[in-house]
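Structures given as structure tokens follow.
Two complexes follow with chain A in common, the first pairing it with chain B and the second with chain C.
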Partner chain A sequence: MNDEFDFSTGLPSSEMSQYLQLFLDETSEQLDALVESLLVLESHPTDAEQLNEAFRLIHSIKGSAGMMGLDGITVLTHHLENHFERLRSGLQTLDERALGLILRCIDFLRECNRRLRAGTPLASAPELLDELNGLAVAPEGGLPTPTPAAAQPPAPSVAAVVSSAEPEPVVLAAVVPAPTASTPTGRGPVTVASHDVDYLIVVTFEPELPLADLKAELVLARLAEIAAVRETWPLRDELANVSALTTLQVLLSSDHPETELRSAADVDGVRAVEAVAGAREFLELEPSESAEPKATAPTAAPTAAVAWVSAAPQIASAEAVTVPVADHVEDRSAHIAVADVVTPTAVAEASGAEPRSRVAETVRVDIGRLDRLMNLAGELVVNKARFVQIARQMSPVFKKTGAAGRVRSFGDSMRRALQLMKTQAAAHSGESAANWDSQIQELEAGIEALEEQSRLWEASRRSFTQFHEAIDQMSRVSNSLQRGVLETRMVPVAPLFNRFKRVVRDISLELGKRVNLEIHGEHTELDKRMIDELGDPLVHLVRNAIDHGIESSEVRRRAGKPETGAIRLSAAHSGNNVLISVADDGGGIPVEKVRRRIVERGLVAESVAEGLSEREVVDFIWHPGFSTADAVSDISGRGVGMDIVKTRIAELNGTIEIEHVAGAGTTFTIRLPLTLAIIHSLLFRLRHGVFAVPIDNVREIVSVPVKQVVSIHGRQTFEVRGEFIPLVDIDEIFDWHKTQYQYPGSVSRTAESVGDRWNVVILQSSEKTMGLKVNELQGGQDIVIKSLAENFVHIRGLSGASILGDGSVCLLLDVAAAIALAAGRGKKNREE
Partner chain B sequence: MSSAPSSGTAFHPHDKERAANAGRKTSSQFVGFQLAGQDYAFRIEQIQEIVILDKITKTPQVPDYVEGVCNLRGSIIPIINLRKLFGLEPKPVDRETRTIVVNVGQRTMGCTVDLVSQVMRIPEETIQPAPETVTSNGAGYIAGFARQNDRLLILLNIDELLDPAKLDQVSQSASAELPRPT
Partner chain C sequence: MPKRVLVIDDALIMRMRIKEIALESGWEIAGEATNGEQGLALYQELRPDLVTLDIVMPKMDGVAALRQIRELDPAAKVVMVSAVDQKGKLAECIRLGAMDFIVKPFDKARLQGFFVKYGRDADSAATARIREANAREEQAT
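Entry: the complex of A and B
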């Protein structure tokens, strides 16, 4: 079969997919960030910082899409970028139409990502492009292309930008005359849009220079210190991919003299540096781009405005534009002129100080690797437990210091006895003396061997002490390792929550309801996998809250509530749990309506429904196929969802509870373990082996006298401090098939009461309580949860399994499901 | 893909060589095992290892052919008793009992068998497809039959046999369809 083996699936494709993965991860983060910016812009359309941020994000998506050769995305983002350029330059303001369109573009880009992930071909979106182009000629007073920005700058909007950051009367006065000072060529003063001069730097590397791309990076880094690098050829991101890099062209603008630029670019391995000033003229770039490099800094707006001031006199006096190689002395004078006008701080900030806050350094890791690491760390903890167990078994032997002393004194007394024998033997003679001698020698050898053993034993005892210390050390290390690995999986819920800004906006627009989203505790950390799984359930809950929870503004007004409804999304730690809640200030759950509905749906008979408590009625919300919406809306009301939410949460070993106050709102609280991987549990032995339950589900452990157990309708019940609690055996929860195989290591003991008492673990989930008879309690332990579904199927009533110190598997009880199972079986038994 | 020369033509030595080569190319390796005296085989590609288990944790709420779960170097894998799956009389674990660990899609599962006989190479052309009457009755897990030293070997398709979603169906159809030693 070897010769049939197919080796054709080689590296290149997997390498590509590796980049693709990176691209997808990055862009989806950037798209999320972009949506956030847009949502801020929705209420503050001229927020320069957010405009710049959005521009930067789009620009970088464009860049990476270009790198990946994804032309469709590149074209769309290019148009988006253009539009943002117009917004940034104040030519247009972000209106609702544009915002909607941009959001649709983002959806399209998300769809692209999804398709790329799924490996399906990308769709095209010509209509989005058309609409984007349509925006360019929007009646905002702007012009089709950004090029003539200088010729007809809409003075009010420039003023607005300037006034937003330290208005400078002199500057404002100067802005208006600026366009009139345009050069006769009609190109406008844009070519020298600031006191900075544009240069084209051409760096020629020595032929066959090793690591030329790194050299190029170095050159760029050095230049970036004294200049604003605008464009490079080859593109910076592609440097590494260019084979035999010989030249690097850099378009930049700087207020430093050309000589400084030259020397910055002249690093080891560079053969020649050429610098051409006023290079913009040659390259014919969009003039508005001149503001770009520094525009990422929040202070960009005032500098740009200042630039207009300085530009006018400069063009008028020296013909720097028409002369390709500008004399840098000219430039210096311009610089001084500017310095007169601009406040000193503005200059400092303009010349490259980075006010942007540093983002923590991160490494992207495939979650599969973390899972493997987690498994290994878990195994290490299991192995450690095994060591501890072995040491515990050995310690009675070694820990008794008295024993060694006794052996030694025993040896000594033997020696004395031997000595005595020797002296007595000396009194004898002849044959009996020889006999004595041989006996004495034998005894002497025996004593020596004994002493030798005793010494060895003493040495082992010392080694054991060291062994014990080593195990302690290992315990600490393996525990910290495990904790460390766990922590690597913990991520803040912020990105998950932030998605809801958009969700809430879209749904509330669609339903015509006014809803505000409040987010609390977004820094709470949760296992990454859990965050991934939580998205859908939360969307369901939020949709339900807006659709069913929040009333129409009219109803709200009549009820004396603010017309705008509120949805609160919050996360918080609570002991070993994370609580995530979705709360609304709507009308609460209409209990009577639900009661009618469950009868209509035939879920229970009318007579039964009458007798249900409010809580029991509300619990029907989780019933599959239940829905109370008067009209089936596009968003919710199809009667699927809530049961799925519950199942999903249960799969994460979590629970979900509802609290509601009629007329004041509903709160859904999801309680999740801190991590999917480790749960602090109580271990106990049952007839079928060792089981674990999360310690959070254990209310208490009691010893119940057999005669205090009362049987009501065939169900056992016992009383704890006045409360009657059902008492069940594991066989009343689960079906076990008869065991016919006996594996050597499997032990099967019958669970019986100890003497005349039962050991009972009282389990609790939500409001429900149940006592479970156990054979033997084994104490608390952190267990590493493994999924049963990973290799097999999900078993109802079990939330997973774990490996114990002796290598055997223990099953983890899902208490909520187990209580439900026990109740169900009890019902069935009664019916039979 | 029969490469046997048609009868009547001259049998050239090269033909023989070619036939032999072709035979080698299209033969596959199988791991043979027994259940109640009947020989079965799995393709070797999906077999991860063969182990002797001593500790199995029984799981509730599962059909009887699921022995339980066990710990295979940190992974928890289910153990399927093939005898019970096929509706055969169960047999106590003895010195020859083995668990074959196989890969079923993304899953790793174990199945216990009476004994593992050998690894063998079977030329593809000697494999007879399972009669349609057998496979149409939901016994798609039978990949074919082969003769090995005068013994009938049933080749099983692991994906069809042990996929958790198909186990019940296998269990139902197995008792009726598999040849039984008399």
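Entry: the complex of A and C
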């Protein structure tokens, strides 16, 4: 790991590519959380908890990136981590410059994720690394960046070697840990018993093992549990200073079998363990060739060896060792007694905080799979509808309850009649008698067949009742299944909303305005796909609110408002809809300014503009190419935002409305269906077939006397409670009367009046209304929407199609587009 | 009977990787936890043969979790899985009785070797103890 790392080759190693999706999901969340931490730190730069949290998040990203083999990300996060380490330890404080830089690093990491998702090579960011390194140069004169221990330069100073040559304390400290440093759970040394055997254990580590010195410590600690470690080479205190440590030799006494000693020494990273038993005098403990600290000063090894020899006699004295050990053991048992009392409650508390979730984990599922599942659940619902329809068609046959009884009594009276015929027939003879007989037999067979049929019918009737029950059962299950699948797609809006803390911060800094963001209802759940699509429109709205809505602090002060403006982002459920609103406490929409602007832009003639109502003027905000900003700022004011916002929301089958109070603020409210996949709709029949409109777009259904339809400016119009509403035929929307295809028996109009009245559905979208003539209303139904664009072609005015119970296709009207189309066509027709 | 491991790490990808390698090496996954607190509770519930424990985690870090797990069960076998720059904390973990540590990022072979080693290790120690006991009995008779 070093600074001149080449970022361009940073794609995940092939072995790990199966984890890429997980990596991206997890780190994206971690980056979001990191931004949140940073925003808290911005106002409380020394908040220890947040510093720890940020450090942890970065550390975690670094770890995951390391596993993925994404070295570029690892290097960057390593440097970030270093900086947070300095912040945590209080050596530096988070200043504005560092914060900005860290945020840019986060942006870069997000960009990395985006590229990884797209499969493109990662960009390089040497300047970020340089700047991060620049941060390290603290006023205190430069702090050493924590470098990996393996890379730590060894070279123990002569002084260190000399001091370690002092015999007693060094080795004793290594063998017996000071009582204060140990805990009840720590490792306890073993007392030396008389029947102990001496061993020489030689442990060989893998070459270039990271943290080999710690591994050596580990081996010693593990051995100390079952043996009394007498001497080690290298000396325990010097382990950290030995570069490329490959061999550890340990002289110890133990009554445990050799195999246990071997396995205690055989930790991860150990290549071989040798154990030699024998009297201590015969065991030689000498620095081996491979263990010689080559890179260090050549004097180090001999000096250590001298120290070793001089230390040996001191250790040989058994009392010197056992006395402190006995103390320690006593100390230890006391601890355990206390621990036994304390532990259960401590653990109960811990387990209470996190209820026994065995694997407290959510499953990450590719949204494509959920889509397929949703589709299948939808098909099931459609099939269920077919069953219901078939059952409905069958029910008249089985509903007539008395029918079987009537057949039976009919059979009985026929038999009686036959009996009469038989007595009559007996009076005849010859050919006539044979004739009678065959007639009677034929009738008898007929009666039997009828009765048989009646029995079958009776049995079927019972089956039909069961069939009904089965359909009911299936309906319940398929509805639950559909709801269940829907719920799996629902995620809280919180992550989306939380992104705006950063957005608001950045924009308000850039514009020099003071703005607070309030978030409400962040637990409201919405279809995941919808949340993904909502980001951009919301950013536009929030930018717009800060740029145009919130006034400068001077203006606010003069108006008697708090100098800091407020943006409120909220979400809430409303029936089958979710409402998401962006509100500001700014100056509201300057209606007269907008009115002037639409004239300037040539959107309407001045005379027309003067006659427009306030609401009509405000509606021009959605007009493509409209902008009221005096200066085109970097953030908004290019006039490309609001019309796109509206289009994007409409694509989600949603609507957006503006409410504003002059001087007090503006609220944009987005109304979205809970999901894109299922829409509660009103179905009606036209001559072409069945159509549906989302129930949210239906204002009311009226019956309009033909005589009351009047023509205004060449458009058919009718009156409802004093309001004039245009009346259109589906053909006017789609121009179908101009096509070559003629429906059988169709005249110029596809809808027919019933008697002398029209059935009219009044459709509404963003406060525009239109009456649509329909032939027959079929009621409300949840329909599963299939995309027309994916399966056929996109048709303006239609937002999709669905398959109905009878297997026929039903088209779903896109009401906003249909109203616009009808208005356009009406105009064109008048001009012609 | 396969040995059971409890995986404690706040990074999903780490847990996935460790679990995958453990399973391939013939271990069973006793459970997994995303922080020390949860890990401690699960340790008490599941009593696994082995714990892999991350150091930097939310709520309760690996050092504290190790301390408490060892308090709960002084025979607990806990392996620290940590980045190289947590050396100070690793040293503390060794003092607290961690049985081993693995440096992140690790390659597959290392962790695999590790699981194989400790899957066998405990066995051989147990057999050794039995053999030793038998030998003592023989001597006594």
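Heads up, the rule we're going with is that the second predicted complex is superposed on the first by the 539 of 832 C-alpha atoms of A that agree within 3 Å, B and C clash if a C-alpha of one lies under 4 Å from a C-alpha of the other, contacts with A are read in each partner's own complex, and residues count from 1 in each chain.
Please note the rule applied: contacts are C-beta pairs under 8 Å (C-beta built on N, C-alpha and C of every residue); 3 or more make two chains touch, one makes a residue touch a chain.
What you see is a predicted model; the values in this text were computed from it and never measured.
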For this session: Name the contact category of A:Ala801: first (chain B only), second (chain C only), both, or neither.
Result: first
Exercise. Taking the superposition as given, does A:Phe55 touch the first partner, chain B, the second, chain C, both, or neither?
Worked result: second
For this session: Applying the touch criterion given at the start, work out whether A:Arg671 contacts chain B, chain C, both or neither, answering first, second, both or neither.
Result: neither
Exercise. With the two structures laid over each other on chain A, which partner does A:Arg597 touch: chain B (first), chain C (second), both, or neither?
Worked result: neither
Exercise. Is A:His468 contacted by the first partner chain B, the second partner chain C, both or neither?
Worked result: neither
Exercise. A:Val809 contacts which: chain B (first), chain C (second), both, neither?
Worked result: first
Problem set entry | chain A: partner with more touched residues, chain B or chain C | C
Exercise. So, A:Leu211: does it touch chain B (first), chain C (second), both, or neither?
Worked result: second
Exercise. For chain A, which residues are in contact with chain B within the complex?
Worked result: 1, 3-4, 375-376, 378-379, 382, 688-690, 730, 733-746, 786-788, 790-793, 795-798, 801, 803, 807-811
For this session: Would you pull the chain C residues touching chain A in the complex into a rising list?
Result: 10-14, 16-17, 31-34, 37-38, 40-42, 44-45, 56-58, 60, 66-68, 70-72, 74, 79, 83-85, 87, 90-91, 94-106, 108, 110, 113-114, 117, 121, 124-125, 128-129, 131-132
Exercise. For the complex, which residues does chain B have touching chain A?
Worked result: 25, 27-29, 53-64, 66-71, 73-78, 81, 90, 92-93, 107-109, 112, 164
Exercise. Can you name the residues of chain A that touch chain C in the complex?
Worked result: 15, 19, 22-23, 25-26, 53, 55-56, 59-60, 62-64, 66-69, 78, 81, 146, 148-150, 177, 181-187, 210-211, 214-215, 217-218, 221-222, 257, 259-260, 263, 266-269, 336, 339, 343, 346-347, 350-351, 353-354, 356-361
